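After this come two complexes, each holding subunit A, first together with subunit B and then together with subunit C.
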Partner chain A sequence: MTGQLPIIVILGPLLAAILAAFTAWLRPKLSYPLVVLGLAISFTAALKLVFIVADEGAKIYWLGNWGNQNHEFVVGIQITVDNLNTLLLTTVSGIALLTALYAKRLVETELAGRQRYFYALLSLLVTGLLGISITGDIFNLYVFLEIAALSSYALIAYGKGRAYMASFNYLIMGTMGACLYLLGVGFVFIKHGTLNIDNLSEIIPTLDPSQALFVGFVLILLGVWVKMAFFPFHGWLPNAYTHAPTASAAVLAPLATKVAVYAMLRIMFTVYSLDYINGLTGIQPIVLYLSTAAIVMGSFFSLTQTNLKMIACYFIISEIGYMVGGAWLANRPGLTGAMYHLVADAAMTSALFMAIGCIVYRLGQAQLDDLKGVFFKMPVTMAAFVVTMAALIGVPPTCGFFSKWYLIQGAAEAGVWHFVAALLLSSLVKAIILFRIIEIGYNRVAHPAIEGNPAIPRNEAPLSMLIPTVAMTLGLIALGLATNTLVNTIIVNAVPAALTQ
Partner chain B sequence: MENLIANFNYVIVVILMMIGLWSMLAQKNLIKKCIGMAILQTGIILFFISIGAKNNALIPILTEAAYSDPDVATVANPLTQILMLTAIVVGVATLGVGLGLAQKIYHQHSSFDEDEILENQRK
Partner chain C sequence: MDTIHSFTPVWVILTSSVAALLIALLGRWPNLRESCIFVAAVIKLGLLLSLAPGVLDGDLYEFEVMELLPNVSLAFRVDALGLLFALVSVSLWIPTTIFSMGLLRPLKSHAQTRFFFCFAIAISSAVGVAFSANLLTLFLFYEALSLSTYPLVTHHQDDDAIKGGRKYLTYLLGTSVALALPAMIIVYQKTGSLDFANGGVFADGTSTTLLVVLLVMFLFGFAKAGLMPFHTWLPGAMVAPAPVSALLHAVAVVKVGVFSIIRVLTGIFGVDLLANTPSLSTIVCVLAGITLIVASLIALTQDNIKSRLAYSTIGQLSYIILGVGLATKSGIAGATLHIPMHAFGKITLFLCAGAIYQACGAKCISQMHGMGRKIPLTMTAFFIGSLCVIGLPPTGGFVSKWYLLTGSLNSGQQWAFAVFLTSSLLNAAYFLPFVYKAFFSSPSDEAKWESAKEPPLLTVVPVLITAMGCVLLFFFSGKLYQFADKFVELYVSK
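On to the complex of A and B.
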C-alpha cells in the first residue's frame, strides 16, 4: 500500500473532481463532502510520504509500471518524490483541505445559486497543483500546469463584474507562459531525446554547454515566470485574484504561484544543475535585480491601493521576488530560505486571505475605509489578521521571520546588498499598512454592515470560517517554532548536495 | 540560403509564432486574441512534429521481433506526435474556455473591443 502512496496523492482529488462534477448534476449536496474526502485522502497520503521519504530517501513510482521493464531507454511517466516534493505536497494538500473546510459558508453567500460546479473545479485545481509538485517528467509538468491553469480561469470567472475580463487577461497571459514553457521543453528534447527529469539531470552535465540548451532554459524560465507573476510579467495577477470570489482567491493565491516557483526550482537545480546556474554569470545579476525590482514594486503598489484584497495581491508579487531572488543567490542559506519561504509564504498568504474572507463575509467587500470599528466587532478575525501581518513583516517567532533571516543571510553571503535592502523595505511597507489598518479599524463608529445590533458587542464571521482561520494563524507560529526541525531534516536534503558539503 | 530551405518548416514555425504572439498582445479584439492563441499553439505543434519527422520514415509501430532492437533510422519519432496529441487537447480546452469567457464579456458589455470594455468598466 505504501508503494502506491505517490499516486494516491493525486488520485484523491482527481477522482473527487470527476465524481463531484457528476453528483453536482444529480445531487448537488453530495459534491462538497466528496471533495473534502478526496482532499483529506490526499493530505493523509502526503503526510505519510513526508516521514517515509525523510527516513528512506526519494521514492520513484512508475505510472502503469512502464519503467520497470529492462530497456535501455525510458518508457512511461515517472513520479519522483523527494524531500522537496513531500514538503510541497503536504503544504498544497493541507492548505487546500483547510480552505475547502473554510470556504463552505463563504461560497454559499458569495455564489448563491451558482456554486454547483465550484467544488469540482476546486478539486481539479488541486489535482493540477499536486501533479506539478510530484511529476518527474517535464512534459507531464506542462500538462498539469494547464490543468491547474484551466480550472483557475474558471474559478476566477465565478466572480462578479470585472472577473470575466480579469480571467480572460489571465488566460491570454497564462497561455503565453505555457506556450513558452512548451517551446523550451522542445529545445531540451531536441538536445537530449528524453523528457524524464532524472535522465536529464544525468545527461545535461555530461554535455558541453550549447545554444539549444541555453535557449531551452531561458524559454522554460520565462514560461514559469509568467505563471508565477514574477515582476515584469505580474500584470494579470492583482486583477484576477481581486475580482475572483474570495473563496477562489483563498485557494488560488497561496498555492498557484508557489507551485510555479517550485517548478522553477526543479528546472534550475534538478534538470539543469547548480554548476550550470553558476555558469550563467551574465544572467544571474539581472535576475537578482529583477527580484529586487519585484519586491520594491510590489511593496510600492501595495501602499497605493485602497482595497484589502488588492494589497494582499501586491504582497504576493513581492513575496515571489523573495523566492526567485533566494533561488538565484544559489548558495546554501539563500536556497534554504527560498524553499522554506515556499511553505511559509503559502501558509501566510492562506491565513491572510482567510482573514480577509471573514471580513468580506460581513462587509461584502474589503475597502480600507469600510474597516471602521472592525477591531471591536470582529476581535478574533482581526487578531488572526494582525498575527498574519506580523508574520509577513517578519516578527519572531512566526515563520516569516525565519525565511527572511535565511534570505538575508544568503544575500549577505553573496554580497547582493540591494536584495537585503529590498527585503527590509518590504517589511517596513507591510508594517506601515498594518498600522494604517489598525488606525482605521479602531474607529469607534463601525461600518453599518458590521454594526448589526448595537446591543450585541460582536459580529464575527461564522465559526466554520473562524476556526480554520485561527488554525492557519496558529500554524504560522507553529511553523516558525518548528523551523529547526524542518530545515535540518527535510530542507537540508532538498538543497543540491554540492551546497551542503 | 540552402540552410533556410532545408529548415523550411522551422521558418514557418517562427512566422506562425510571431503572428500568434503579436495578435495576442497587440490586437484589441478579444476574438482575435483567441485566434492568435490558436495560431501560436499551432506553431508549437508544427515545431514538435518537425523535430520528430524523418525522410522516408515509417509509422512507429514495431513488430515483436524488432522490439528489442528497433532500427530507429527508419521510423518517425513517436514521442513528439504523442506529446502533440496532448498539446492539441490542451489547446482546444484553452480555446474553449477563452471563447466562453469572451462570450460572457460580450453579454456584459455588448462589445469585443478591449478599449470599449475597459471604458465601460470604469463607469
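On to the complex of A and C.
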C-alpha cells in the first residue's frame, strides 16, 4: 500500500473532481463531502510520504508500471517524490483541505444558487497543483500546469462584475506563460531526446553549454515567471484574485503562485544544475535586481491600495520576489530560505485570505474605510488577522521571521545588499499597513466601554469559518517554532547536495 | 561558579503572562482582577529573590526551551545583570499598579482590563529580555515589548494618542527591523553564534570597518535606548497615562534598550575588544556623550513636566551607555548600578507628575509656583526623586554616578569625566529651580489652586514608597554593588 501512496495523493482529488461533477448534476449536496473526502485522503497520503521519504530517501513511482524503465531513455510516466516534493504536497493538500472546510458557508452566500460545480473545479485545481508538485517529467508538468490554470480561470470567473474581465486577462497572460514554457520544453527535448527529469539531470551536465540549452532555459523561466506573477509579469494577479469569489481566492492565492515557484526551483536545480546557474553570471544579478524590484513595487503598491484584498494581492507579488531572489542567491541559506518560505508564505497567505474572507462574509466588502469598529465586531477574526500580519512582517517566533532570517543571511553571504534592504523595507511597509488597519478598526472608534458611546454589537464569523482561520493562524506560530526540525530533516535534503557538503 | 539547569527563569517569565490571562478573564470584577496582579508580582519577586543568593555566588541559571536555528536556541540564562534588571522591573510593578488603580478608577477610565493586561505582558517581555541567553531570544522579547506597549501608549485613543503611538512604533519597530535585525543576522553569518559570552563572539582579526558598521547598527537599532537622533519617540510617547510613562518609559522599555546595548557591547563585542579598539569605544562614548549633553539642554527648555522628564530620561540613559562604552571595570559597574538608581528616581518623578496632575490639573512647570505648600507630600517625593536623578546624597543616584566618574578617569576617554559633571550640573539646573519655586514662591494664580489638595491615598502611597526607595538604595548600595561586581567579574577578564 505504501508503494501506491504517490499516486493516491493525486487520485484522491482527481476522482473526487470527476465524481463531484457528476453528482453536481444528479445530487448537488453530495459533491461537497466527496471533495472533502478526496482532499482528506490526499492529505493523509502526503503526510505519510513526508515521513517515509525523510527516512528512506526519494521514491520513484511508475504510472501503470509501463514504459521501458531500464532503457537509457525513459518513455513511461514517472512520478518522483523527494523531500522538496513532500514538503509541497503536504502544504498544498493541507491548505486545500482546510480551505475546503472553511469555504462552505462562504460559497453558500457568495455564490448562492450558482455553486453547483464549484467544488468539482476546486478539486480539479488541487489535482493540477499536486500534479505539478509530484511529476517527474517536464512535459507532464506542463499538462498539470494547464489543468490548474484552466480550473482557476473558471474559479475566478465565478465572481461577479469585473471578474470576467480579470479572468480573461489572466487567461491571456496565463496562456502566454504556458506557451513560453512549452516552447522551452521543446528546445530541451530536441536537444536531449527525453523529457524525464532524472534523465535530463544526468545528461545536461555532461553536455557542453549550448545556445539551445540556454534558450530553452530562458523560455521555461519566463513561462513560470508569468505563472507565478513575478515582477514585471504580475499585472494579471491583483485583479484576478480580488474580483474572484472570496472562496476561490482563498485557495488560489496561497497555492497557485507557490507551485509555480516550485516548478522554477525544480527546473533550475534538478533539470539544470547549480553549476549551470552559477555559470549564468550575466543573468544572476539581473534576476536579483528584478526580485528586489518585485519586493519594492509590491510593497509600494500595497501601500496605495484601499481594498484589503488588493493589499493582500500585492503582498503576494512582493513575497514572490523573496522566493525568486532566495533561489537565485544560489547559496545554502538563500535556498533554504526560499524553500522554507514556500511553505511559510503559503500558510501566511492562506491565513490572511481566510481572515479577509471572514471579514467579507460579515461586512460584505473589504474596503479599509468599512473596517471601522471591526475589532469590536469580530474580535477573534481580527486577533487572527493581527497575528497573521505579524507573521508577514516577520515578528518572531512566527514562521515569517525565520524565512526572512535565512533569506537575509543568504543575501549577506552573497553580498547582495539591495536584496537585504528590500526585505527589510517590505517588513516595514507591512507594519505600516497593519497599524493603519488597527487605527481605523480600533483606535478611531468611540470606545463602546465608555458610557454614552454607542455599543458595537459583536458579529463574529460563523464557527465553520472561524475554526479553520484560527487553526491556520496558530499553525504560523507552530511552523515558526518547528523551523529547526523542518530545516534539518527535510529542507537540508532538498537543497542541492553540492551546497550542504 | 556553576551553571545550574533550572526551570525557575521560565516560571518567572510565565507568572505575569498567566496573570495577564487571568486579568483578561476577570475583567468584570476589578478588585479580583487587580489582586491577581499583586499575587503575581509577589510570586515573581519571591522567585527572583530565590535566585539571588546563587547568582551572587557566581552561579548561572540556565534553561533551553528549544533550538530555533542551528546553534541558536530559545534559551534563558540568569546572570547578575539580568537578575538585577528583573528585580527592578518587578518590584516597581507593585507601586505602579497601586498608582494606576488610584488614577484610573476615579476617572472611570475605559478599557482598564486591556490596560492591566498589556501591562502584565510588558513585564513578562521585559523579564524575558533580562533573562535572554542569546541575541535572538533577546530580540524576540524586545519586539514583544514594543507591540505589547503600543495599546498602552495609545490608551486615550484620541488624535494625540494615535499620533504618539504611530511615532512610537515607527521608531521602535522601524529601527529594530531595519538596523538591529540585519546586524544580528550578519553577526550570525560571520560567526555562527549569537550567545552572549565573555570576550564576545568575533574571531581575532575581524575587520574593524565591519565592527564599526555593526556597532552603529546595534546602537541605533535598539532605539529604546533613546540615542540621538532616534530619541523623539520618547517625548511623543508621553501622551500615555502617567503610570505607563512611569514604569515603561522610565524603567522597563527604555531600560530594555540600554540593557540590550549592554548585552551587545559586553557579550557580542566583548569588553576587551572594545577596550583594545579605540575607534569602537570612541564611537559609543561620543554618541552617548552628545546625547547626554544635548538632551539635558533640551530638557531645560521644556515647560511641560512630562516632556522635561522625558528628555531627562534620554540623557540619563546615555549615562549608562557611556559607562559601558568606557570599557573599564568601574565604568561598567557604574552603568549597571545606574539602572536601578535611575529607575527609582525617575519613576518617583513620573508618578509625582501624575499625582500633581490629578491633584490640580497642572501639566506645566510654570504653573507650579507655591504648589509645595498645597501638596507637600507629593512635592517632597518629587524633590527626593530629583536628587536621585541629579546624583546627590543621600540617594542612590549618588553611588552610581560616583562609579561612573571613577570609571571615566580610569579609561582612555577622560573627557567623559567632564561630560558627566556638566550633565549633572544641567540636571540640577532643570530640576532644582522647579522645586524651589514650588516651595518658596507664592502661587501665581491663587484662586485657581485653592481647591488643590493632596491626591487620594492610592496615588500618594506609591509615590512615597518609591521616594523612600531612592533613599534606601543609597544605604543598601553595597548589596547592589555585589550584583554589579558579579556581572563585571563575568564579562571583564582583567
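One rule holds in what follows: the second predicted complex is superposed on the first by the 481 of 501 C-alpha atoms of A that agree within 3 Å, B and C clash if a C-alpha of one lies under 4 Å from a C-alpha of the other, contacts with A are read in each partner's own complex, and residues count from 1 in each chain.
We adopt the following convention: a residue touches a chain if its C-beta (ideal position, glycine included) is under 8 Å from a C-beta of that chain, and two chains touch if they have at least 3 such contacts.
Keep in mind that what you see is a predicted model, and the values were worked out from it rather than measured.
**Q** Applying the touch criterion given at the start, work out whether A:A154 contacts subunit B, subunit C, both or neither, answering first, second, both or neither.
**A** In the superposition, A:A154 contacts subunit B only.
**Q** Once chain A of both complexes is superposed, is A:I190 in touch with subunit B (first), subunit C (second), both, or neither?
**A** The first partner, subunit B, only.
**Q** Look at A:E146 in the shared chain and tell me whether it touches subunit B only, subunit C only, both, or neither; answer first, second, both or neither.
**A** In the superposition, A:E146 touches subunit B alone.
**Q** For A:E439 in the superposed arrangement: first (subunit B), second (subunit C), both or neither?
**A** Second partner only, subunit C.
**Q** Return first, second, both or neither, reflecting whether A:E413 touches subunit B, subunit C, both chains, or no partner chain.
**A** The answer is second: A:E413 touches subunit C but not subunit B.
**Q** Between subunit B (first) and subunit C (second), which does A:A293 come into contact with in this model arrangement: first, second, both, or neither?
**A** In the superposition, A:A293 touches no partner, neither subunit B nor subunit C.
**Q** Regarding the shared-chain residue A:M165, is it in contact with subunit B (first), subunit C (second), both, or neither?
**A** It touches subunit B, and subunit C stays clear.
**Q** Identify the partner contact of A:T175: answer first if only subunit B is touched, second if only subunit C is, both if each is, neither if none is.
**A** First partner only.
**Q** Quick check: in the complex, which residue numbers of subunit A touch subunit B?
**A** That would be residues 139, 142-143, 146, 150, 153-154, 157, 161-162, 164-165, 167-168, 171-172, 175-176, 178-179, 182-183, 186, 189-190, 195 of subunit A.
**Q** Could you list, by residue number, the parts of subunit C that touch subunit A in their complex?
**A** 66-70, 74, 108, 110-111, 136, 139-140, 143, 147, 150, 154, 157, 161-162, 165-166, 169, 173-174, 177-178, 181-182, 185-186, 188-189
**Q** Show me the residue ranges of subunit A that touch subunit C in the complex, using the header's touch definition.
**A** Contact set of subunit A toward subunit C: 333, 390, 393-397, 402, 405, 408-409, 412-413, 420, 424, 427-428, 431, 435, 439, 443-444, 447, 449-451, 481, 483-484, 487-488.
**Q** What does subunit B use to touch subunit A in their complex?
**A** 17, 21, 24, 30, 33, 37, 40-41, 44, 47-48, 51, 79-80, 83, 86-87, 90, 93-94, 97-98, 101-102, 104-105, 108, 117-118, 121
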